[in-house]
Amino acid sequence: MTHLDTELQYLKKDIMELWKITQSQLERGKKALINFDRDLARQIIATEKRVNAYELKIDRDCENIFALFNPVAIDLRFVLAVLKINSNLERIGDIAEGVARFVVDVDKQFSAELLEKTHVIQMFDLSIDILSDTAVAFEKEDTQLARTIFMKDEKLDEINSTASYKIADYIKAHPDQLRESLHVLSMIRKLERVGDQSKNIAEEIIFYLEAKVLKHLSAKQKQE
Amino acid sequence: MSNADWNRLKDNVFKYVGIACTFVGLLMLAIFLIDILIKGVGRLDWQFLSSLPSRMASKAGILPALAGTMWIMVVTAVIAIPLGVSAGIYLEEYGKKSRFASILEININNLAGVPSIIYGLLGVEIFSRVMGLGGSLLAGSLTLALLILPVIIVSTREAIRAVPKTIREGSFALGATKWQTIQHQILPASAGGILTGVILALSRAIGETAPLIVIGALAYVAFVPTTPMDDFSVLPIQIFNWVSRPQKEFHVNAAAAIIVLLVVTFLMNGIAVYLRNRWQKKVKW
Amino acid sequence: MYKIRTTDVNVFYGDNHVIKNVSMEVMPNTVTALIGPSGCGKSTFLRLLNRMNDYIDGFSMTGNIFVDNNEIYSRKTVVEELRKKVGMVFQKPNPFPKSIYENVVYGLRIQGIKNKALLDETVERCLVQAALWNEVKDDLKKSALALSGGQQQRLCIARTLAVEPTVILMDEPASALDPISTSKIEELIYELKNKYTIIIVTHNMQQAGRVSDRTAFFYMGDLVEYDETKKIFTNPKLERTQNYITGRFG
């Protein structure tokens, strides 16, 4: 194995680790929401530091690899993709931290009816699922799997687009849960962005493996 | 005529002029060889090679002269080769690059061109008179050794110089001393060149006549030399002796002796060329 | 602690001041690259470390050079012993006109080692280390000159390894080779780092980036900057260094 191969392997290991942490942040976020577990939420907020540290390290390693090895072809696309995926994952980490803050901030527990009517748990499940798909697609170099993400994201957009109506209705019916409802609306907006970030990640994976640029195409076009 | 045509014409003219010159030279050589062969080849037989000289042309043979030539070659080699090669190694490897060293180099090159009779005079004074060796084989060999010494030194130096500096560097970088480098790298690599130079020097030596006459080599030797202190004669002197006689039979003898001498010379040169080619194949930088 | 240390080294060829006050330290088991434009003194500096400059007319130096804390220019230094500890690979492969086997064992033979089993084992070990064994193991008696350029250079590395040095100096070892051979040599350097301290002069900056841990930038005899290779290639301290690295001069 060449020196460059060794460095690329380390880089892959690091980004997979960041992926794992981010996934865990989202999963714990869902748990914290359902169980109204504020301690867990505070742990999520503390873990954000690790996410940031990994992001800085991966940035620096990519810079070094470019400077020292002048990678070309697939190696170049790999490092470029990792550099961008790094940012995407860090933002997803931010989103998870933001959601956890809402859980800490609110006074009373979110009612089960609220959570159910707004489909926020479903959104959590969907975003966790999409993020997991990106991780698998990257590790197993599966562009077919990467392409399914674009359609899956549509589902997230659907829930998001009807969210404001649903929340408005709920607030009318339960005006004492105004704050909690607004927090849930914010969470939904944030979770929708997880879908967007994951879409970007999928585009980068396809670019790295196939050298195809799928930016700015419609979801249907990307599926092909 | 265009420039290209003019150049092509010059090319062809030179080619044909070159061929003509070569042809002329070869023609002269061929005429000489054929003449000698016609005159002498009939006289060549075992009796000729194994008899002593005699007043009767038909009985005269070249045995002492041939033996003398062989003796001279061996003894000269024994003296000149170690001296010349060692001196060459020393001058090329250890002699510092000073003004003295370059003066020395120029003088040795000059010595190689000094007329051989001068060496004869030097030899007769130092070896024959002062050292009391008289007109012996030893005196003759010492004189010829002096004669070919510069040639051997120069060709040794050239052969050593041809060994690339990178080989030396490689040897030093592994922790070899100067002498180890010379012994294990320089000498084996230059051996071909040194040997070629030595053989060519020796084949020149066996053709020398004037210095040996001055030393006192006899023109008429009726015995085969057995020790280096014996009197002796060599083929060139024997040839000279026979050619100077009025009788035509002796001229035939001379022609035959010339053939023998030519065979020996060509043989030695042939060995030198063969060895050089073999070494060059082994050692391609 | 330091493998090699130089303090205030100046080198003169006659009146020519070719190395100016160079002080640097090299840690063990690292690869250090010396870069700089032609004539900057990097090869001269490299050759100080195994005293190959001794053979150049008019060479003189001041300052101290320590290898394993021993001053190598002291009167007590035995140059042949130094060169066994500090080996060198040259720019143009220079195998001896002998067989592959004899090339590798040359360094041992001149030490008087004759034991055939030991020599055989050394030949195999060093050719394996130099990544050449599989290509030549069937005919070790073949002339070294019959090998390709890249193979010859690996043979030269093998014969250097045979005397068991602790430092290997490489003077542009791949500049005369094709790209595939070059990358083989670079991989070799990366592997050898575990057991040896390597200093390599190179004209090729990308090569310095690929193989070295630290890089020293020389310019007109001065050591301009000496730092971690990562730092030099992403954010050098001096503008001169940056100009050279980016190819804006030299």
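In order of appearance the chains are A, B and C, and numbering begins at 1 in each one.
The working rule: a residue touches a chain if its C-beta (ideal position, glycine included) is under 8 Å from a C-beta of that chain, and two chains touch if they have at least 3 such contacts.
Everything numeric in this text was worked out from a predicted model, so none of it was measured.
The chain pair with the larger count of C-beta pairs in contact, out of A-C and B-C, is B-C.
Here C is the chain whose Cα centre lies closest to the centre of all protein Cα atoms.
Inter-chain spacing, taken between the CA centroids of chain A and chain B, is 93 Å.
Taking the mean of the C-alpha atoms as each chain's centre, chain B and chain C sit 47 Å apart. Put simply, chain C touches chain A in their complex at residues 183, 186-187, 190, 206, 209-211, 229-230, 233-234. Within the complex formed with chain C, the chain A residues making contact are 2-4, 63-64, 67-70. On chain C, the positions that touch chain B within their shared complex are 50, 52, 55, 57, 80-84, 87-88, 90, 92, 94-97, 106-107, 109-111, 143, 145, 156, 159-160, 163.
Listing the residues of chain B that touch chain C in their complex gives 97, 164, 166-167, 169-177, 180, 184-185, 188-189, 282-285.
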